[in-house]
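Shared chain: chain A. Partners: chain B in the first complex, chain C in the second.
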Partner chain A sequence: MIEALLQTLLNGAASGGVYALVALGYTLVFSVLGVINFAQGALFSLGGYLTYLLMGGRIGVNGALPGWGLPAGLPFWLALLLAAAGSGLVALLVERVAFAPLRRRGAEPLLALITSLGAGVVLVNLLQILMGAEGYAFPQESGALAGLPEVLMIGGARIRTIQLLLLLVCSAAVVGLSLWLERSRGGQALRAVAEDATTAQLLGINSDAMVRLAFVLSGALAGLGGSLIGMSVSLPGPYFGIGYGLKGLAVLVLGGLGSVPGAIAGGLLMGLAEALVPAEASGWRDALAFAILFAVLLLRPSGLLGRRTVDKV
Partner chain B sequence: MTSSPATPSPTGRRAVRSDERRRGVLRLASLLLAGIGAIAWLGRSADPASRPLAAGPLSLGAAIALTGNANLYGQDQRIGLALAERWAQQDAAGGRAVRVWLEDGASDEPSAIAAFNLLIRQGVIALIGPTLSQQAFAADPIAQRQGVPVVAPSNTAKGIPQIGHFISRVSAQSSVIAPLSIDEALRRDPSIQRVAVFYAHDDAYSTAEVQIFDKALAARGLTPVTVQRTQLADNDFQTPITNALQRAPQLVVLSVQAVAGGNLIRQLRELGYRGQIVVGNGLNTPNIYPICQRWCDGILIAQAYSPELNTPINRDFQRLYRQARGDRRPPQITAQAFTAYQVLHEAIQRLHSKGGLTGVTLGQARVRLMHELLAGRYETPLGPIGFSPEGEVQQQRFYVAEVRMDPSGRDGRFALVGQRSLNGARP
Partner chain C sequence: MNRTPLLQLQGLRVRYGNVLALQGLDLTVHEGELVTLLGSNGAGKSSTLRAISALVPTEGQILWRGGSLGGVPPHRIVRLGIGHCPEGRRVISRQSVLANLELGAWLRRDQAGIRHDLERCFDLFPRLAERRHQLAGSLSGGEQQMLAIARALMGRPTLLMLDEPSLGLAPRLVAEVMQVLKALHREGLTLLLVEQNANAALAIADRAYVLISGRVAQEGPASALRDDEQLRAAYLGG
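For the complex of A and B:
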């Protein structure tokens, strides 16, 4: 009984950690701009592919340059960091192309949803042209697991070592980001812009720079998540990030729009809800998870830890 | 305060606005109706089926998955079609030229429908596709209604040819093939009693195939100890696998699509499962190798194609494949796409030589082609095949293969371990 419970907790935490990571990316952008970056799922995919290439992986026969690869591969951890940085830079490009022009013209925030969705679709299709449709798996021997067992037993429950690693990295990223937001000057400036961009500007904070920083960080988080998932379950095709992006979006709403602790709590709750679904109904996992989302929103329309907003008349 | 006559009262303004809105809606509705009418009229007059069949090359439309989750299959099919075109050009003298118009049917139903509609409007004489059974149930009725022959290269779910008399397939139904691999697993380990089944419950192919597996297991006295339902887009199977492993299965049966299957196999092995794995037709592609890598080794799969079949057409097909893809063995899905083109090409040539394509409209040519297609016998890379009057493929030989990965764990092959003819004889 305890073993089964522990197994469920581990299963839930492993997937919930990734959901939290994706939701955090959304949260950062939402808190400063009040819009959702729908390209987040594509950035998730991009991170995975960048890590694969940086580790020395070669482009498959259906790609634009079949057989091409870097002359030497980097160790997984270095490739992971560089891929996160690369995804952050592409997120910055998305901001410049899909968000900044609309912001300058004072366009409806809804339009940015569509332009970011367009940017995401273009990005995924570019990935498909470049890398082809085939699946890729990271070379294990140069990966994070060299010398480690494939599976670990914790109190009778089993978890794949890579998933435990994934959980630890996600937790570290989430804690690190939370601390940075709370304690550092940069983090405080970002929060000030999120609170009120105009006042922050008057106080000497460069709001535009903070918006760009939010995009870079959210892209880096997506890239990190994509790389870790790629290590755990391979890269099944350029579209794989879209599903995680949608789940992250649900977590964002569940936790409360713009709330960092909410994104973490929402991610873990979503992961646990999925893990609790019995085997007989395992195919209805998403339905159950979204039913929970629905129920929470009925009781708390602002999400688990979101702040209630009062309309001023 | 009183309102002046020039300024209408708030109630008056509301009435004026509501009137303007009503007029706007009416104008918009009339414009829409006129537009729909014009499109319908243009569509009617432009229906290519009523036009005389033009001289020159005939067009086959292929709607296959080049994007989305099923594109792993679509890429293999595209190669099969390209090779078939090259093969047809080798002895094209005196025959009727046939060219392929490729359209992305993507991996969902609306895209397959859109691709079918587009190709039919372009005046193709027959269609090849779509890639997934799930898509076929949505798109085939459109071709059926418009009288366009369809040859499905990879739809194995029950009920595909039954959609209508213009629908046929060269991909044998799962019920014929799937049980063969269970037999092979039981031959290797007759003590197997505990079976775990995984399938994607939101996929027509998987749900149809898992019923076949269920029947095959029941016929051999086996009842699954657990059935884990997954979803098409799943990649992380930690929860269903740990659930299943608690029941200590001796055999795992998977009926999922390629990417999910590759991940499932890898995660099953990583989580400590060491028993035999039997997989369904969805994993009949070498594209699973990069995903499950060394963990693919030893999985059993029943196939409708074997590269080891020593016939002239299969040797031709393999030579063309090697020219295109280097020293690799063609997968079943490529062979089936090649076959779909081949049977249509041969039926067109027979019809052409009989004069059946002269002085007819495209619609009439489509009907004649369907009759000719079903009446023919074909020597294909899959072996000799024909069709039932319903359009179901009648194939003689089936195979059981085991995936053998090379020492690097990056590449592998489907090694033939058993062969079965339809009368059940095991060579």
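For the complex of A and C:
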């Protein structure tokens, strides 16, 4: 009984951690630009596929180059980092293409919703052309677990090592990012830009560069999430990130738009709640997730940890 | 005075859509001067400072030490030694007083110098020292104004531009802020002071410009404008 509960909690925390990553990505961009980057889900997919290829996975028969793959696979950790970096760079491209031109023209920020969604669709389609629509399982021999057994026994519970690994990486990313935002010079400047980009410029901070940095970080977080999910489950097809993107959006609203602790708390809450849905009723998971969202918003319209703004005149 | 002015505006125009906020402004600030820019609501005072800080597109010339500022992005302006304490204080309300001051020194790397200037700011505005760990958003309006001035000073500007620092302050606080500006001026800082409170500004300024509808209506030594009853009645509300 305890054992089952422990397993459930760990599963919940693991998927909650991934939701938190995605939601944090949205949060970063939202706090500096006040808009949602709808390409986030596609970047999630991209991360998964990049890791797959970097670890030596081959392109399937429906892909553009059937059977092609890197001559040698990279170790999991390195592949993960490179995939996160790659997704971050593509996020930068998305910013250049879908956001920057609108900002330069002073267009209605809501338009970025459409352009970023478009960028996401293009990205997913490119993935489909390159990789085909089929699912992929990660090559196990390249050793994600680097010698660790596939299953660990903790407190009598059988825990998949990859789940622990996933939780570990998510926690490290979330804690690292939060510390960076709170403690570092760059984080302080990013928060200043988030509050008042014009004034930040008067102090010598390059607000545009900070916006680009926010995009790179948010893309890297999405890519990391996609890699971890691909690793622990599989890559069911180029669209798989879209679902996580939507779930991350729900978590973002649940935690409170623009709040970093809110994104983390919302992610964990969502993951744990879903994990408590029994396997027979797994079809109801998403329904439950959005029911929670609905209930929280009825009680607290600004989300769990949303800012109650105190405006001074 | 034949030396190159520190700042020179020539035929400066600023347009917001169809509104021509500045219609060819000429203005000069020499090193060491305290120049005040007066005018009523909508005269174009803030637009002038925004133009110098490259926050709005401009036509005409903005010369800094004789060289054009054309094409310099806003975040580079402060690097040249132009500090801008904006209208409405604009402190970063979700960060502490100390963090706001650190942000003012964002471009500097001389830790010892920053610490020294921090102490100096706290000497100038002791109230900030007591509240250094408080969120800037929780300060009173007057304290926020002091923080905004101190933050601009932390960048060690050659020219400090202030946009209505007396706005919304009690008379005693206005006097206090003006005393601080006067002291900074005496130490050699060059100031461009935008004000609607003409009496307070003219009392400490060397020279003054009066803006009306985006044009210079009058300029001259502050002492002359101080005594110009007609001008004060007409444009400066006494």
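Just so we're on the same page, the second predicted complex is superposed on the first by the 297 of 313 C-alpha atoms of A that agree within 3 Å, B and C clash if a C-alpha of one lies under 4 Å from a C-alpha of the other, contacts with A are read in each partner's own complex, and residues count from 1 in each chain.
The rule is short, and it goes like this: contacts are C-beta pairs under 8 Å (C-beta built on N, C-alpha and C of every residue); 3 or more make two chains touch, one makes a residue touch a chain.
Note that the structure is a prediction, hence the values are computed from the model and not measured.
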Practice task
Could you look at A:Glu274 and tell me whether it touches chain B, chain C, both or neither (first, second, both, neither)?
Solution key: first
Exercise for the section: With the two complexes superposed on chain A, say which partner A:Val233 touches: chain B (first), chain C (second), both, or neither. Expected result: first
Exercise for the section: Examine A:Gly204 and indicate which partner it touches, taking first as chain B and second as chain C; both and neither are also allowed. Expected result: second
Exercise for the section: Check whether A:Glu108 is in contact with chain B, with chain C, with both or with neither, and answer first, second, both or neither. Expected result: neither
Practice task
State whether A:Glu195 touches chain B only (first), chain C only (second), both chains, or neither.
Solution key: second
Handout entry: Dominant contact partner of chain A by residue count, chain C or chain B
Key = B
Exercise for the section: Please work out whether A:Ser282 is in contact with chain B alone, chain C alone, both, or neither, and reply first, second, both or neither. Expected result: first
Fill in the blank from the handout: In their shared complex, chain B is touched by residues of chain A numbered 4, 7-8, 11, 14-15, 60-62, 125, 128, 132-137, 140, 150-151, 157-160, 162-163, 229, 232-234, 236-237, 239-240, 243, 274-275, 277, 279-286
Practice task
Provide the residue numbers of chain B that touch chain A in the complex, in ascending order.
Solution key: 66-69, 71-72, 74-75, 200-202, 226-231, 233, 235-236, 238-240, 242-246, 258-260, 262-263, 266-267, 269-272, 287-288, 290-293, 325
Exercise for the section: Sort out for me which residues of chain C touch chain A in the complex. Expected result: 53, 55, 73-79, 84, 86, 90, 92-95, 99, 102-104, 106-107, 137, 141, 144, 151, 155
Problem - Contact set on chain A toward chain C in their complex - result: 185, 188-189, 191-192, 195-196, 198-207, 310, 312
